[in-house]
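I am attaching a structure below and will ask some questions about it afterwards.
Just so it is clear, A, B, C and D label the chains in written order, and each chain counts residues from 1 on its own.
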Amino acid sequence: MAIGEYVKSADWKSEKHVPVIEIPDSVKPGEAFNVQITVGKEISHPNTIEHHIKWFDLYVMYDDGQFLIHLGHIEFTPVNTQPTAVFNVKLEKSGSLIATSYCNIHGLWESSKRVEF
Amino acid sequence: MAIGEYVKSADWKSEKHVPVIEIPDSVKPGEAFNVQITVGKEISHPNTIEHHIKWFDLYVMYDDGQFLIHLGHIEFTPVNTQPTAVFNVKLEKSGSLIATSYCNIHGLWESSKRVEF
Amino acid sequence: MAIGEYVKSADWKSEKHVPVIEIPDSVKPGEAFNVQITVGKEISHPNTIEHHIKWFDLYVMYDDGQFLIHLGHIEFTPVNTQPTAVFNVKLEKSGSLIATSYCNIHGLWESSKRVEF
Amino acid sequence: MAIGEYVKSADWKSEKHVPVIEIPDSVKPGEAFNVQITVGKEISHPNTIEHHIKWFDLYVMYDDGQFLIHLGHIEFTPVNTQPTAVFNVKLEKSGSLIATSYCNIHGLWESSKRVEF
């Protein structure tokens, strides 16, 4: 049994669980830029104690890399904290950002975003 | 022995470990706003595998509250991820935000910021 | 406003929020030993989605140290995961372990435990 | 690009990154039991500031479930804290535990363990 079989992805315009990754139009190797991650970009997700987005992880996989690099982890608090976050990251090479988000009822979701230098 | 004896605070303009909390000029009860937390606002902190800021916690203490409310937690990755983050929070009442930051060499630091409605 | 003013402590035999720290009778410098942390040792704490212990942090303050050293952080899931955990740690010098626990309703609690070599 | 493509698994007896999951021989639905997770069970993994296991996640997938349930997350501190942990969990139905472990150099690893009632 492998976790990859259970991490869901979908078009975020039709699915409220997908973590949408936004970066500036122009980014440079070795220069820090903001990565905004948001669940419920188009269709908002509930944020109650019974049903909420609990956390995000952010990774990068360099095009010539062998291993995922974990860039950060954020834990939210239901009701008071919304499922969106900004990380400020510095990459050396082109690759793909991967974000995962966890809903306490609907499990693990992911999306990815190219970063090209 | 109480943790409060060891959580340091200082003027962030002269100390690179203090988590600086920034919020918009105008915030409303029950409406989400961004809380930016940054270590090294004026004097930058090293970000190497040997010496870095590892995480932040964000809390609120309402003026009429009895207990701290934890709003979120963020973990950074040295070198690639800078010690700054944005949380998006919704408060019901006036109170004080408290942020803590942890340096793997210099321990636990804090600062607070009033939110008045 | 300082976080230390709001971290509660009490006799764990009469209070269900205090993180009780247990270590072996005999520990040696530089040799790993188990640190068990438990909330609700004598009086159990609720573990429901509405009211639960969300996380622990574990620190050490060496007797001759200037700064807290963070040893680990654990996040629980209400209902399925009980508020108890074992960390396996290696200390170089005598000092005090400090654990904090967070209840989503009753805030932040702490206790400490001497480690003497 | 999907995270599942990059989460590695292997025989833990020949690979030092795989999180080994251990549970008691006899477990019952609705009764809490210990889940020990260890990286480096047979071949130990380095634990230095330059190269270490940073965290574990623990999930369960019930046999009749649609979504992963996250049971907990633990963050270690290099040098002082060893990559092993005990979670105390309560499951309702048969399923598979899945643990992931993250090495700051060698990325994300996983293993799973059946829980049958």
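To be clear about the criterion, contacts are C-beta pairs under 8 Å (C-beta built on N, C-alpha and C of every residue); 3 or more make two chains touch, one makes a residue touch a chain.
Composition by chain, UniProt nomenclature: A, B, C, D = Desulfoferrodoxin ferrous iron-binding domain protein.
These numbers come from a predicted model, not from an experiment.
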Between the pairs A-C and A-D, the one where more C-beta pairs touch: A-D
Farthest chain relative to subunit B (centres taken as mean CA coordinates): D
Subunit A and subunit D: spacing of chain centres that average the CA atoms, whole Å: 22
Intercentroid distance (Cα basis), subunit C paired with subunit A, Å: 31
Shared interface positions of subunit D, touching two or more other chains: 69-70, 73, 75, 77, 104
Subunit B - residues contacting subunit A, complex: 32, 36, 60, 69-77, 79-82, 84-91
Subunit D residues touching subunit B - in the complex, by the definition given at the top: 49-50, 75, 77, 104
Touching residues on subunit B, where the partner in the complex is subunit C: 1-7, 9, 54-55, 59, 61, 66-70, 73, 96, 98, 100, 102-108, 110, 112
